[in-house]
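Handing you this structure, nothing more for now.
For clarity, chains are labelled A, B, C and D in written order, and residue numbers in each chain start from 1.
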Amino acid sequence: MVTQTKQNKNLEETWEPKILAFLCNWCSYAGADLAGVSRIQYPPSIRVVRVPCSGRVSPYFIIKGIMDGWDGVIVSGCHPGDCHYLTGNLVARRRFAILKELLEFFGIEPGRVNFMWASAAEGERFANLIKKATRIVKKLGPNTKFSKKW
Amino acid sequence: MKNEIGKLYIELNEEFNFYAPIKDQGNLKFRKVLNPDDIVLDYYNTKIPPKEILFPEMEVLFEYKTDGKNVTEIIERKDLEYKNIIFGIRPCDAHSFTLLEYFFSYGDVKDEIFLKKRKNTLIMGIACNSPKSTCFCTSIEGHPFMKSDMDILLVDLGEKYLVEGISDKGKKLMARLKWLTDAKQQDVKIAEALSKKAEESFETKLDLKDIDKILDPNFEHPIWEEISDICIGCGTCSFLCPTCTCFDVLDQNNQYNNKGRRIRIWDTCQFSLYTLHTSGHNPRKSCIERCRNRILHKFCYYPENYDMLGCVGCGRCIQLCPVNNDLRSIIERINKIKSKKEEKVSA
Amino acid sequence: MSIETENKKIEEEMREVARNLLREKKVNVVIGYTKGTVPLSSTPIIITSENNVDKLIWNNLCYVNLAKYLVPRIPQLIDPEKGDLKVGIVSKGCVGRALVHLSVENQINLKNVKMIGIPCNGIINRKRIEKEIGEKEILELFTSDQDIVVKGKDFEAKYSYDEYINELCKVCKVKSPPKIVDFKDSCLGECQEVKSVDDNFTDVVEFESKATQDKWSYIKEALQSCTRCYACREACPMCYCNLCFVDQNKPIWFEKTTEISDILSFHLIRAMHLAGRCVACGACSSVCPVGIDLNLITRKLEKIVKERFDFISGIDSNKMPPMMDYNMNDREEFMLEE
Amino acid sequence: MPNPYIPKLTTVKDIISENKVNDIKTLELEFMKEEDYNRFEYIPGQFAEISLIGKGECPIGIASSPTEEGTVKFTIKKMGTVTSGFHNCEIGDTVGIRGPFGNGWPIEDMKGKNILVIGGGFAFSTLRSLVVYLLNEKHRRNYKKITVIYGNRDSGEVLYEDVLEEWKKRNDIDVVLTIDREEKGWKEKVGFVAPVVKEIGPSPGNTVAVVCGPPIMIKTTIAVLEELNFKDEQILNSLEMRMKCGIGKCGRCNIGNKYVCIDGPVFSLAELKKLPSEY
């Protein structure tokens, strides 16, 4: 029994979450690039999908991601007012607000889904936020509630 | 015997999957019994039809393994050989199994998944002492005490059950239950009286004698528009119908362990997607055609193909339709087509 | 006044308006409710002749939202030669709200719609009564004074009216259809001016305060028995998409299986789609054949939209719904910050 | 009896792109097990449920003839999820196959008759199967005159160019090709199928007309055939329907009390006229 808990503990420590990240082409993707070019370290937990705008990210993407077994989803876009398409991120923000509240209401840990703004010049901020998001998701543990399993 | 249901369960549970009506989320459903105290026998009928025991809402057809891209192995289902007992089923629902059997063995290729399970299933039903106001099984040549679809029929005599073995399978099983006592002549007489009383208590009587002959030439009739005008197009009537069999097939992959399965799930002719071609053409594009298909399938195509009505008269669709599009009134309206025509001819 | 006399009064006034509308040829059809064939039901009816007006009824079981019949079915009925089909529609508050919102979304033209406004006095929570009666057959249900009386073969039960109406009706503030500024004559009969609705959402707050795990198990339990018949979707006046997201197969977003994650995602995304659009009619819960109660989700949507965007659906035909709009100054406390 | 939903496994032996737009491909499948191939006895006009396991299954008419031994061919147009999957297949991939299903062309009843084959566009696949079968040396003497009329939108859409060339060289078959609009370098006929049929004017005596194509083509061609005094029994048609199981269980392909997958897909016009027009 003792060894088992020890093993579990080990597993918990070594377990790294897999996070699906939708990054807006104009800001966050470039921000992630900058973080890489500037050699800022952040956890290798995210897998990036480049989208034209955070407004392109439909709630389907996020829920499908969670259902497919991703431990977390991040959507990152330009700061309000900086959208390449003027209002894409403002529209997206309303959607995210509702989705986040509904997920919480349904009893799915809201920390699994995170939204952030990061501009092309904010490599450091991007890395920090990814660190933070990874920390949150890691604390929640593997996604078993909503993902399909059989 | 009434308090001996538990005894029956314990005796049969090892060998059989023992299904009986159980309360689940406030709805009565046929479920595998884990505790005999859960069994509810003081009921009219279950909300979810017992077809789901042999034809579940979601069923695996087969499983497979892949090497990431291509299939390497197909794994057949091995759980079809289990023996099942369906306990406490009503005669109308028992009749639905006969219809399903006809349906699944129609054509050259038979549905072995269903038929294998059906073969291993023993139906132990309880006669209907007091039918619901929406029941109409006597109109489809059924009866609240109908024996023909069962292996064993129980009749509730108040204090005890009168047990009658009908098929060989049922008689064999009864012979095993040593603690059953021989029925007295008097009890048989009470059962007969109950049967008569039940038969007389039906409020709904529908004229379904020539319905297929009325329906067949009236495929294009304004009545279908009238019937479907309040239908909202949900699938309640067919999902909860004990004889509806339509299903959809889809593949599911588990990308983590390179496994997958092909499943079938209930589908219904009431959804537009059901018949939509890839080209965009849809033979049944509106509610009118879809409503018509449901009625015709049960009351016209079934008699033509199997010489039987595709309805068991359980009344579930009448009770649960969200907009109360009552099947009884639909049938009455259809019957009126005929009488109108006759009037015309005589005039 | 007792419930029956109220109902009688509503019924008479409603019939009178409908009769006049049909007689003066102001409408081609009247959509209303008529008596159902099973005790806990009513059924929608489409009337084209003045002679049938007496078939219209009002009782506390008229749970279907009739606005459903306008989109998308009725536009198809338009005869190009005769011009638009004019429809009279028996409107309780939530039907009125649905119509207003549908017109905001450009699905119907209010010019062609005449609301026969009635002061709704609540809809009985038939699923709750069914559950409490259990495996007995209800043969009759009527209201007497302040009680709901349910009768069967060998039992009779009484339920308090105020307690056994829909949860949404208990907190409803829009009993009769809202007055519309642009189409003053579109509402006949009873209608009310609604400026804003005060609501403290105590029921939602109570649920929200639960632990995540408790919420999950509650929702999971509640939705588990879903049979995917989509009656909730089909009865919803706001679900008028030609192709619902669960039906989309290029690509397949959500599979229509009975796995809990699939069922949950359907209800979650449907809720998402109804944000700022749901008119709180409770039809989805009333029609569910297995008795799933979706009221709580509906209420939560109302709360989100009210608190975040200060919007109430179907009240004001000139206000843009939140999901069709944006604002620089929205609250963004949920965003991840360093 | 075995579980009818389990497909037999085959490998993709060859992939041929059939048209210029590259949205129609022919897949040549070889059964992994000899016994499965031997059990797969079919006649022209039947179809099979072929599946890309993991993506799904779809009913496709068999394009090869039973006389072409060793493999089975399917011509697939890129339409939805599954067919797109087939288009992404590579040689050597595994494809599942169930069948053959349906009644097929009534080759026994056709014996001793003239055969008029009228095809339009991509629906030619089961007609190819039929003609290849009829032209086989073992079967050719059982049938009389064979005429093939095959129409397409443009020259890039013509399927099976190699077999068509072969047929043209033979003297026991007439092949008429047509395209909708004139095109540089096109030496055959120009115009829709129906007028071309009228122009050729086949005589109805002891003839069976096999018509397969898009609905509008079928409609116009049948009108022409009726004008030429073809009887309803002489006109054969192959129907399409959405299908899932192929064995008459999933329910969706019914027309009246008939299921297209077991009672069809081949119906004579006389049979079709008896059925409700819900297809």
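FYI, contacts are C-beta pairs under 8 Å (C-beta built on N, C-alpha and C of every residue); 3 or more make two chains touch, one makes a residue touch a chain.
Being a predicted model, the structure only gives us computed values, none of them experimental.
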item	value
C-D compared against B-C, more contacting pairs	B-C
Chain whose mean Cα position lies farthest from chain A	D
Whole-Å gap separating chain C and chain D, where each centre is the average of the chain's CA atoms	51
Averaged-CA centre spacing for the pair chain C and chain B, given as whole angstrom	32
Euclidean distance of C-alpha centroids - chain A vs chain C, Å	36
Approximate Å spacing (C-alpha centroids) for the pair chain B, chain D	39
Junction residues of chain A - those touching two or more other chains	148, 150
Sites on chain B at which at least two other chains make contact	248, 250, 252
Per-residue multi-chain contacts in chain C, two or more chains	249, 252, 259
Residue ranges of chain D in contact with chain C within the complex	80-81
Interfacial residue positions of chain B with respect to chain C in the complex	24-28, 40, 42-44, 47-48, 57-58, 130, 132-134, 229-230, 232-236, 239-240, 248, 250, 252, 263, 265-266, 268, 271, 273, 287, 318-320, 322-326, 328-329
Touching residues on chain C, where the partner in the complex is chain A	207-208, 212-220, 245, 253-254, 259, 261-262, 264-265, 268-269, 271-272, 275, 297, 300-301, 304, 308-309, 322-323, 325-328, 330-332, 334-338
Interfacial residue positions of chain B with respect to chain D in the complex	61-62, 64, 66, 69-71, 74, 76-77, 103-104, 106-113, 219-220, 245-251, 253, 260, 262, 264, 267, 269, 274-279, 281, 283-284, 289, 293, 296-297, 300-301, 304-305
Partner chain D, residues of chain C touching it in the complex	249-252
